[in-house]
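Two complexes are shown next, each including subunit A; its partner changes from subunit B in the first to subunit C in the second.
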Partner chain A sequence: MKVVIAGFGTVGQGVAEVIGMRRELFQKGFRQKVTIVGAFDSSSLVKNPRGLDPEVLVARKAGTGRVGKRPLDGGAEEFIEEYDFDTLIETTPTNIVDAEPGLTYIRTALNAGKNVVTSNKGPLALKFRELTSTAAKNKVQLRYEASVGGAMPVINLSRELLRGEQIYSLRGILNGTCNFILNRMKDEGLPFEQALREAQEMGIAERDPTYDIDGVDSACKLAILANAIFGRDVTYNDVMRTGIRSITEDAISLASEQHMVVRLIGEINDKRVEVSPRMVPVGHPLAIGGTLNIVQLITDLAGDITVAGRGAGRKETASAVLSDLLALMNEGRGKRR
Partner chain B sequence: MKVNVDLRLKDIPGQLVAALEPISKYDGNIRGVVHHHDDRVGGRITVNVIFEVRSEQSLDKILSTWKEGEVDIAKIDAFFETYPIQYLLVGSITSKELESITKGLEAMENVASIEIRYTGTANSSSRAALVTGKASKKETLTTLESFFKQRADKHNYMLIRGLD
Partner chain C sequence: MKVVIAGFGTVGQGVAEVIGMRRELFQKGFRQKVTIVGAFDSSSLVKNPRGLDPEVLVARKAGTGRVGKRPLDGGAEEFIEEYDFDTLIETTPTNIVDAEPGLTYIRTALNAGKNVVTSNKGPLALKFRELTSTAAKNKVQLRYEASVGGAMPVINLSRELLRGEQIYSLRGILNGTCNFILNRMKDEGLPFEQALREAQEMGIAERDPTYDIDGVDSACKLAILANAIFGRDVTYNDVMRTGIRSITEDAISLASEQHMVVRLIGEINDKRVEVSPRMVPVGHPLAIGGTLNIVQLITDLAGDITVAGRGAGRKETASAVLSDLLALMNEGRGKRR
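Moving on to the complex of A and B:
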């Protein structure tokens, strides 16, 4: 399978490294090679039809800040359309305003008959139906396990292993940063601002934490899950959303006296698609601490199924991308037909 | 409502079926039946039956049918199922607002118990109030959610619900 990596930030580099690390698995398990034949970031492009060395790409990015030597010059669309490869691995950052540039990259690849594996929430949270229809129309696959919960395999679990189940509802913690902050507020009695600063110092929260603490990141993921698992036609804008920035240490303390913790919970059921802080009894699976993500699926035959995992990180997100690449190879989609 | 009853039945075929039939007839849901063959009183054996009924009226009809059929009831316990009420309010919550919430909840049907704990001073913009209690009907939870949501929207404070 010949792949091109779009976006060469933390996730893109992690994907390149993992492709290098799993050469033997591709060969032994599928009698195939996964070859990176191109990669581009916001300013540069590199390509070689015979393959590029993942280690060299990562080293060049680390050394120069660019993945390629030649400038991209706005030619990404043309490159995706005309260059010979099988699968676009799209890892550009999430943009929830207009989903660009990832949306254009994904659209272009699908229309050019190329599979897409993406970790980017924006295009899916805003244009899920359009993109899945485009993939179906062009008889290619769009896979997006890495877009929700990093290494936590909730989408493929629901759509493939739990295919025979009727899934009534879903609820979970989809943002590790908020979970860390709420947990520190409870454990140390910290005010919100101090817990946030601590998270920023530890590199858990971004310098601009809005996406996390206002529930934007969780709402994007919930919109994707509502479409992918429940067949709803919703966008990020349809998700009811309340963040955690107004929560006080007094509120956390009152809940704690009643053996409850406060968590930012995403919930999909027949009444709502909502992200909001909720009180969770101590000992409940969703009372989980740290930065883990966790999702509970309520099903008719299997009952409650809970899955947890690291929601972000270079290797963790790359692991989810890898699972999608393997699924493509497993279905004989490694090479374009 | 969950009902736990000990019936004393003649040890002859058909007695148990006849005793259980009114439960199904009045929309009850049988959860368990245990024979106590070693517990014989006056030639009758004790059978413990646990079942659920939707209302007291249904239970009354079942008890009347048993009475008419001369089914001997040795012991009966009925437990009402309750549903937890859990709301955490954060923000500018005045004493007047807490009073209004209390009055509103007291006036609401099927709110079995209620307790409000709060922190901070009345004029604080970051007061927290925790409302806990029990409702005797599941439908009341929907009414409660609208009640709290409307108040939170109107008075501009944050509402944190418990898990359903």
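Moving on to the complex of A and C:
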């Protein structure tokens, strides 16, 4: 399988490294090679039909800030369209306003008959139906396990292992930063602002924390799950959303007295697709601590199935991309027809 | 796919019902039919090459205590060997001494070129390597998601969704009854005997609770996981095992003071395959309450992945059997070649 990596930030670099690390698995488990034949970031491009060394790419990015030696010069679309490869691995950052540049990259690749594996929430949270029908029309696959909850395999679990179930509803914690803050507020009796500052100092929260604490990130993921698992046709903008800014220490200690914890819960059911702070009994799977992401699926036969994993991180997100690549290979979709 | 159900207790009946309920899924999702062409329990047999009605089977069992009208007369082996069908669904009760009668049923079916889907821990906890190599030799499949943790999809998750990971170790709660008892001891300050009695009154623990509280059930499941996920060659008898009988209220309240809970944990790592009571921090995924089963896998890329589900129950266990049947159909293994 010849792949091109679009976007060469944390996730793109992690993917390149993982492709290097798993050479033997591809060969032994699937009798295939995965060759990185191109990569580009916002300003540069590198390509070689015979393959690029992942370590060289990562080192050049670290040294020069660019993955390639030649300028991209706006040529990404043409490159995706005309260059010979099988699968675009799209790892550009999430943009929830217009989903660019990822949206154009994905659309172009699918229309050019290439599979896409993406970690980027924006295009899926805004244009899910368009992209999945473009993939179907072109008889290629669009896979996106990495876009929701990093290493937590919720999409492939729901769609593959639970394909015999009717999934009625879903509840989950889709943002590790909020969970960390809520936990610190409870354990140390900290006010919100202080717990947030601590999370920022530890590198868990961004300097501009809006995206996490106002539930934007969770709402993007919830929109993707609503489309992918429940066949809904919703976008990020349809998700009802309340963040955790206004949660007081008092609310948390009051919950504590009732053996409850406060969690930022995303929920999909017949009535709503909503992100909001909720009380959860101690000992309930969703009372999980730390920065994990967790999803509980309510089904007709299996009852409730819960899956948790690390919601972010270079290796972790790359591992989800890897699982999608392996699924493509397993279905004999590694090569273009 | 023509199936025969061996054993028609709770799980066998659940499987028959679920096969009835999912006719449309088989047809639409896989363009196949699943036909129950035979079923037997310890004393009776029923067969019809054109198919049996699941509802009639369940009703007859409820009414007469037998699934069939004619006596079995020790003819199960010959029946499995000679009758025309594709997959044996083996749901006889677990026997941890010699694994019979399930072991003979499974062995006979595999040697006769039939796939086997089983919910029975005994044969796998005692004869895993023999059975998997018999399956390989005969080019058929042996699937056993239902044998560990009911609806919790830990085996297929590990082997399919995480096939790109190196799984280093595993920790889990594999027996819901023990978890219920430990929780009641903590929440209500009950002594062990009283919490056990309560569990028995609620039908959560058996009248003879040895199998659960001495860790036998957990150890069987752990042996299966060690073989299936880690490629070990161990049996139930190799698992180090300590139950929860000797856990005192004091130990639990002492743990509580340190924000810990006591859980009966099964662990597989480089050094050990062991079931024993352990302390777990509150908020940790394994601090889960209720009667759920839960497993945490520690991997090289994804980090820790946790999956939880209902460890027992008619529908729940049948749902795991269903997932294995669908996997067979998906791989085009539904029909004998």
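Quick note on the criterion: the second predicted complex is superposed on the first by the 337 of 337 C-alpha atoms of A that agree within 3 Å, B and C clash if a C-alpha of one lies under 4 Å from a C-alpha of the other, contacts with A are read in each partner's own complex, and residues count from 1 in each chain.
As a working rule, a contact is a pair of C-beta atoms (placed from the backbone, for glycine too) under 8 Å apart; a residue touches a chain by one contact, two chains touch by 3 or more.
Predicted model only: the values in this text are computed from it and were never measured.
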- request: Scan A:42 for contacts with subunit B and subunit C and give back first, second, both or neither.
  value: neither
Task: In the overlay, answer first, second, both or neither for which of subunit B and subunit C A:242 touches.
output: first
- request: For A:284, select first, second, both or neither according to whether it touches subunit B, subunit C, the two together, or no partner.
  value: both
- request: Quick one: classify A:250 as touching subunit B (first), subunit C (second), both or neither.
  value: first
- prompt: Looking at the overlay, what does A:164 touch: subunit B (first), subunit C (second), both, or neither?
  reply: second
Superposed model, subunit A: greater residue contact from subunit B or subunit C: C
Task: Identify the partner contact of A:326: answer first if only subunit B is touched, second if only subunit C is, both if each is, neither if none is.
output: second
- line: In subunit A, both subunit B and subunit C touch residues 281, 284
Touching residues on subunit C, where the partner in the complex is subunit A: 18, 22, 25, 29, 151-153, 156-157, 160-165, 183, 281-285, 287-290, 292, 294, 299-310, 313, 315-316, 318-320, 322-323, 325-326
Statement: The answer for subunit A against subunit B in the complex is residues 171, 242, 246-248, 250-251, 253-255, 257-258, 260, 262, 265, 276-281, 284, 286
- line: Residue set of subunit B touching subunit A in the complex reads 86, 88, 90-91, 117-120, 126-130, 132, 158, 160-163
